[in-house]
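Next up: the structures, one after another.
Heads up, the next two complexes both have chain A, just with different partners, chain B and then chain C.
Showing the complex of A and B:
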């Protein structure tokens, strides 16, 4: 990737050489944009086959499918937001803590009191507001304060969870707002509302990343910030917007988690940062920025949750599952490095 | 003589059978079935019971022991099929594990929730699906979410520890008693401290120095080091948790202090071995049973097979079983060592 091309062109150029590898065997196929997703689909299908072979009807069952999707929904929404930040050349370690803080703030006695007097939607708005505000602070620290993203969000991780503990006094806050749980527990045409929300967020994320100026700018900023700046993009403002978007996703994930557990707690969202980053990375988004795929992220989330489900169904040990997860991440990253070297050449 | 006794016995049995036949409202049992309270030997194999088991991540000795003890217990019964899922501190994942059990239509679920309140909705769902839910250690916030609950006695732990300290410090009214608590904001820690203070008050003592750790070895070492700095003379220390106690013991050894005795909490095997050998600061520990999960497995099996709890007259398994918190000393340590957990 040359230094002085305009940002958007830089992005196009980065994508272009990937296609040239077509026909160079499996790695060439995997290197094409469609091929990358094919690899993920194959991995997911293999996992499902494994599930069917080992657990049979227990795996291939509508209820089990919905169980997988419900589990994927919360972390999936966070991962979609994370795809934007990583594509834009950043990283956010504070997502789990933001989910916790949003869940706590949205379920305090005060919030619930207002919600009871007005409408349960107050809980949703509170969580989104808190999540968005956290993202805004992260973005501002990184873009205008010039703090490295890793450090800035590490600080937020500690601070947000600490604040959540202070607000909740480390107690679990139970939600007693009529209508709230009922709305999120319901199903639309047999599909749980939580899963519908995840699907909507994924589709909206795909459109935003691939079909809008905002998405183009995200690729540009992540691929080469200096080139993007020269091309007239306000890189700092765009960075703030990316982190705010992720914050909003965390707020939404918090609402979904509150609905699923009927509680807000400072312990919610433990290690979500790692789950989300892992899903994004095996999906094919480059950790160094400039290339990202929402479809890949969704597959990444589904691969991990399906893996977890297959292991659960087969009564397999804690340790074996952790090893399998680690192996999948390593394979995905090794593959990605090869691709990066080719496209960089 | 022997003949006479046999005759009496037969007579009594006949009378009893006749009475039951005349006055009993329930139809006669056909040897088993789901009528509850069938007085057969409980350990005899009955109908097959599939039990799902889920607990938080085994990140300290006590929690690891919970799952291990449950597995070992299930292994003793040929009619129990135990499905253990990955221990997790992520409530979202734990909920989906319970959902999988519901999909699988298991007969019973033994659940030690990471957070009782957060797992209540899915436990209610399981109960509605006709699955016997046994709640262990951390309570749900709805009485309808479990058929039975097995609990340790946190308040009782404090009382037992306090009474033991009182007994050993008899007559020493100016004694300095220190307390190393666990995570301070947890209700279980508050219950333990309350019980300890109440028991001490009954013999005119009070807690002079109190610090809190976080159930980990590292936090125990830090808290104890601070405590030893703060108090120049100590007569007794109660430490809430034997896992963090490993760190507490290390700090005491480093300080070279030995003017006090120490009482542990939860009841780990290494503390019990220390008590038995009498070669460290621990002279006693109070038990918070790590076999609660194993008891949950047994209760689940009894409920599903329609059996009663042996030695109770009641025909149904009780709603709640609260376990006792005994004091383990050199005199009785051999009784408790076999069921103690390795930290």
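Showing the complex of A and C:
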């Protein structure tokens, strides 16, 4: 984000009415995200229309829609965590590498052996532990070591992916733990478990951000860290918690990715950092901190995943997708600024 | 004046308005070639705005500036510099990481066909530094590695690089130690001997007497006296000119503090190893203690150290008999302390968030059950407080940024009222607050004290400290030089103490 965009975005934020996002009761709850996310909803609808027009029944098929959601689930969980870190005034470039490292660590022969001897949940806990630990290290480096977030997490990106390569010896590790695959491949009332997990994470994330002291402190720390500190908030501890939370999200995403691909690999999660940041930002979370929206992030993730699905159905190349993605980011940000200015005027 | 000397710079009827304030409302003065013209005035008198207008950083709304007899209008600082007017600000505008020579020619780099003439720039920089009496500064040094005094010399070289005829110096001595000030004065004398005029701003009367030729006094954005002889004018006259007020603030009546009132805040031997040391004071329940001192006297630093926002090197801070952990705001807040910081916008408020969120930010856990916030209770409690404090416009969902300075200050106060804090630290409580809201805030502070809160007020407005406090501590260069009841000392005595260190 350039300085100009940041300035305009800050301006936009300044004008945005505050208080509407704390809707009272169900009506407010329904009205608020829709109100603020009009542009995103329109974009998603247009994309779906495009899908129906170009690919017809192949797009508008229940199985295809579930595929979109299944694909969105993994990056979605990471993006929800990323929303917290960015709202709290930070950034994390290491998420993709943490996903890779967690996936590898959770699928080594040793881990699988223990899992087979005891319970498949061992894989889940291993991934969460590894992801959480990586986040903790990031947070500690940034909050107590006073390393700039961009640099600290850039270093983690390199180190975590390297470690993943060492552990896996650059080989793809196939998962062969019966209970694990069975659990994550299942469906609840026709909805794949992966999608259920994503939905649960999104709802929990929304509640945490908008209804708890933790969320309120996140807004305060991101909005004005010095004021937050002088108001008695332990800004450093909170920063560590934010990165740890994102690390846990990465661990969970790794579990989901392992389940979807039945492998752990050091190449998993490539460019997740960019996808997650893009989804968060087009969702309306301020990159400079202090304002964040989980609903917007979910829309952002869905838009990118649907786009890729529509392109794939039409046999368009990955490169064409990348160009379209870039265009969407620019258009979405421009559109949001326009809307915000009008509503403020 | 006997023989009229042609003025180098002449300013007439200068007016500068900002949204909500008129910073300058009629400034007249003139500067002659080769003189050191001192500008004197209390904080907020308009000195900084005047400098910015003269150096082209602000455009005046009304009035005329004549430069060498011609009406001019400097659109930006570079235009002013090209004409020969340059300002050296308190915050030096140098780029660390670039060399001395690069900084001197920043914005008007020497070049032929786009290629910079580095050797020529170095040569001219060396000539300027020699002229300024500092041949020991190498043009190739990184500016960031120079001492503050040397950085100031580089700033001056920069001002002179475009054939500067008028240098405006905003409190240059504030960041210098006495030896460096002597060197600075040597440079100034060298310059004025060559016909360069200097506009010199300082709070220190002794300096003005030593280096100045003539004095202009500003008050509330107006010239109240100009062309006074710096060496002959009486100190008492200058102080009367600086302080004589058009608008008197009404301070609420004091209640005598009960002699057996418990000592709530006890500060012993506090020092930060740098800006201040050996600071001792106690504040009783119901007492307002004022800290008076110049910018740089350590007053804000002391307050922030008491609060734990800065780590103390020596000494202890006790609240209700319990020592606080050093450098922990959390410990101070839990012990019942609250701070309204100096820079309200950057340190006190979440500007883009709602009023109620700014009020409850320090008491979130009292509105939470298992971490879940009771939004409705937050709004209700905040609403009652803002009503009691008469925050206008009403509405706890309003964004704080849109409120006036006085109402923003009330929001910060409400934050600590909500916590029912026992010790309230106020740093410049009425900065950027208009006169009407000022007396409301004074009354609020007095009410708080009467309800048993121990209050510490820091202000650069001496009248405010004297009017509000029961007891006054006067600070000078990081030390307490006076501690006594507020009604036994007057404004000019305090001014004398902060400027010269002994009562007149």
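Just so we're on the same page, the second predicted complex is superposed on the first by the 295 of 345 C-alpha atoms of A that agree within 3 Å, B and C clash if a C-alpha of one lies under 4 Å from a C-alpha of the other, contacts with A are read in each partner's own complex, and residues count from 1 in each chain.
Here is the rule we go by: contacts are C-beta pairs under 8 Å (C-beta built on N, C-alpha and C of every residue); 3 or more make two chains touch, one makes a residue touch a chain.
The model shown is predicted, which means the values in this text are computed figures rather than measured ones.
When both complexes are overlaid on chain A, the residue A:108 reaches neither chain B nor chain C.
When the two complexes are overlaid on their common chain A, residue A:63 makes contact with chain B while staying clear of chain C.
When the shared chain is aligned, chain B comes close enough to touch A:260, but chain C does not.
When the shared chain is aligned, chain B comes close enough to touch A:312, but chain C does not. Using the contact criterion defined above for the overlaid structures, shared-chain residue A:270 touches chain B, although it does not reach chain C.
Taking chain B and chain C in turn and counting the residues of chain A each one touches, the greater count comes from B.
By the touch criterion given at the top, residues 57-58, 83-87, 89-93, 95-97, 99-100, 102-104, 114-121, 141, 183, 185-186 of chain B touch chain A in their complex. Residues 58, 61, 63-64, 67-68, 70-71, 74-75, 165, 169-172, 174, 181, 185, 257, 260-263, 265, 267-268, 270-271, 305, 308-309, 311-313, 315, 317-318, 321 of chain A are the ones touching chain B in the complex.
Against chain C, in their complex, chain A makes its touches with residues 13-14, 16-19, 22, 24, 211-214, 216-217, 219-220, 223-224, 226-234, 290-291.
Only residues 307, 309, 329-330, 332-334, 339, 341, 346-354, 357, 361-362, 364-365, 367-368, 371-373, 375-376, 397-399, 401, 415 of chain C touch chain A when the two sit together in their complex.
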